[in-house]
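Should a chain be cited, it is by its letter among A, B, C, D and E, assigned in written order, with residues numbered from 1 in that chain.
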Amino acid sequence: MQIGTVIGNVWATRKEDHLIGLKFLVVQPELPDKAPINNPFIAVDRIGAGVGDRVMVTTGSAASHINPESDIPIDALIIGIIDSIEIER
Amino acid sequence: MQIGTVIGNVWATRKEDHLIGLKFLVVQPELPDKAPINNPFIAVDRIGAGVGDRVMVTTGSAASHINPESDIPIDALIIGIIDSIEIER
Amino acid sequence: MQIGTVIGNVWATRKEDHLIGLKFLVVQPELPDKAPINNPFIAVDRIGAGVGDRVMVTTGSAASHINPESDIPIDALIIGIIDSIEIER
Amino acid sequence: MQIGTVIGNVWATRKEDHLIGLKFLVVQPELPDKAPINNPFIAVDRIGAGVGDRVMVTTGSAASHINPESDIPIDALIIGIIDSIEIER
Amino acid sequence: MQIGTVIGNVWATRKEDHLIGLKFLVVQPELPDKAPINNPFIAVDRIGAGVGDRVMVTTGSAASHINPESDIPIDALIIGIIDSIEIER
């Protein structure tokens, strides 16, 4: 999973049917020491994350396994709000 | 999901059977501030996007989850037309 | 999907059982204006593409959804032979 | 699979329901000769790996195939603790 | 699929249960002309490849489709031993 910080919101009225009601956030990927890396992308949030939260994001089709009934076409999902990261080296 | 703008169309008469009738568009990936990043690629559209629209694109095999019956071999799907992106940082 | 041109063939007698009978081609990825990008890779072809054809290629596990019965371990599939690409910007 | 060394731990109280009870570690990817490459990321561990262990990590949605009943939304899984790597060239 | 040459072996006694008995090899990715590209990675082999063999490797979750009963958490599989590659351009 990637580490990142939520930096914004996306609004999209017209979208694929399966996606109505989902919340879309912009995430800036980061290193464990909070240095930004790579480009921001959009992730779905179902756990109440908001701008400023540090999050773990699952990318790729693993993100689509969020319904027991059927997979949906999303490729990034916020799976946790990070309390702390401890690096030992 | 990636942010991008639709910049063109692709025509392909001969194709895999499952894909007949689908619309293929060329998408230029972008940052939230509309600066282009990386290379353009082809995405399937089912929600009526057209050249000039700013879109959210799901890439990878999550894009193939668009039929309840069976997955199809596509790796990029336009899932929403973006109304606005709000960055707060 | 990626845009590319077929530039060669691969022969492999010894292979995974599910793959016997499939045709393997070498594809050079390209921009819409035909400039080559990134490295060539191997893709399966089932639609009769040959050297010199411009093609759309699905990569990742979406490529493995080609049998109704069961997925097979391939990660790149030629899904269409491109007639034309129209870029408007 | 990628080669890497476990360099830290992640704590996240609030997370997707399917993920409660899983252990999240920070992994630094490496070459076979232990030179670090690319950026550290978070992986799930179920085999008892700890900081300092050299591990094999499966990334992408293959990591989500860890329950016989249903896939879960994770994209990196430690699948083995490496005893030794022998390079011959 | 990627082209590569097998350059080594990996031993890992402690691993995920589904993976016991599988053979893990180190593969150096290459261009069709055998120039090395990118970093070596670990792939599962079930077809008898060994050090020095030139191989086709499926990466990503497509590699996990190797059991009819259930997918396993691996992200790279040697699917063929290459006899020859013919580039025409």
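We take it that a contact is a pair of C-beta atoms (placed from the backbone, for glycine too) under 8 Å apart; a residue touches a chain by one contact, two chains touch by 3 or more.
The chain list, named the UniProt way, goes like this: A, B, C, D, E = EutN/CcmL family microcompartment protein.
These numbers were taken from a predicted model, which means no experiment stands behind them.
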Copies chain C and chain E - rotation angle from C-alpha fit, nearest 5 degrees: 70
Type of chain A:chain D copy interface by residue overlap (half), same or different: different
Inter-chain centre distance, chain C versus chain D - centres from mean C-alpha coordinates, in Å: 31
Distance between the centres, which are taken as Cα means, of chain E and chain D, whole angstrom: 19
Where chain B touches two or more other chains at once, by residue number: 60-61, 63-64
Sites on chain C touched by chain B in the complex: 1-3, 31-32, 37, 46-48, 56, 58-66, 68, 77, 79-89
Residues on chain C engaged by chain E in the complex (per definition of touch): 7-16, 19, 24, 26, 28, 39-43, 51-52, 60-61, 63-64, 70-76
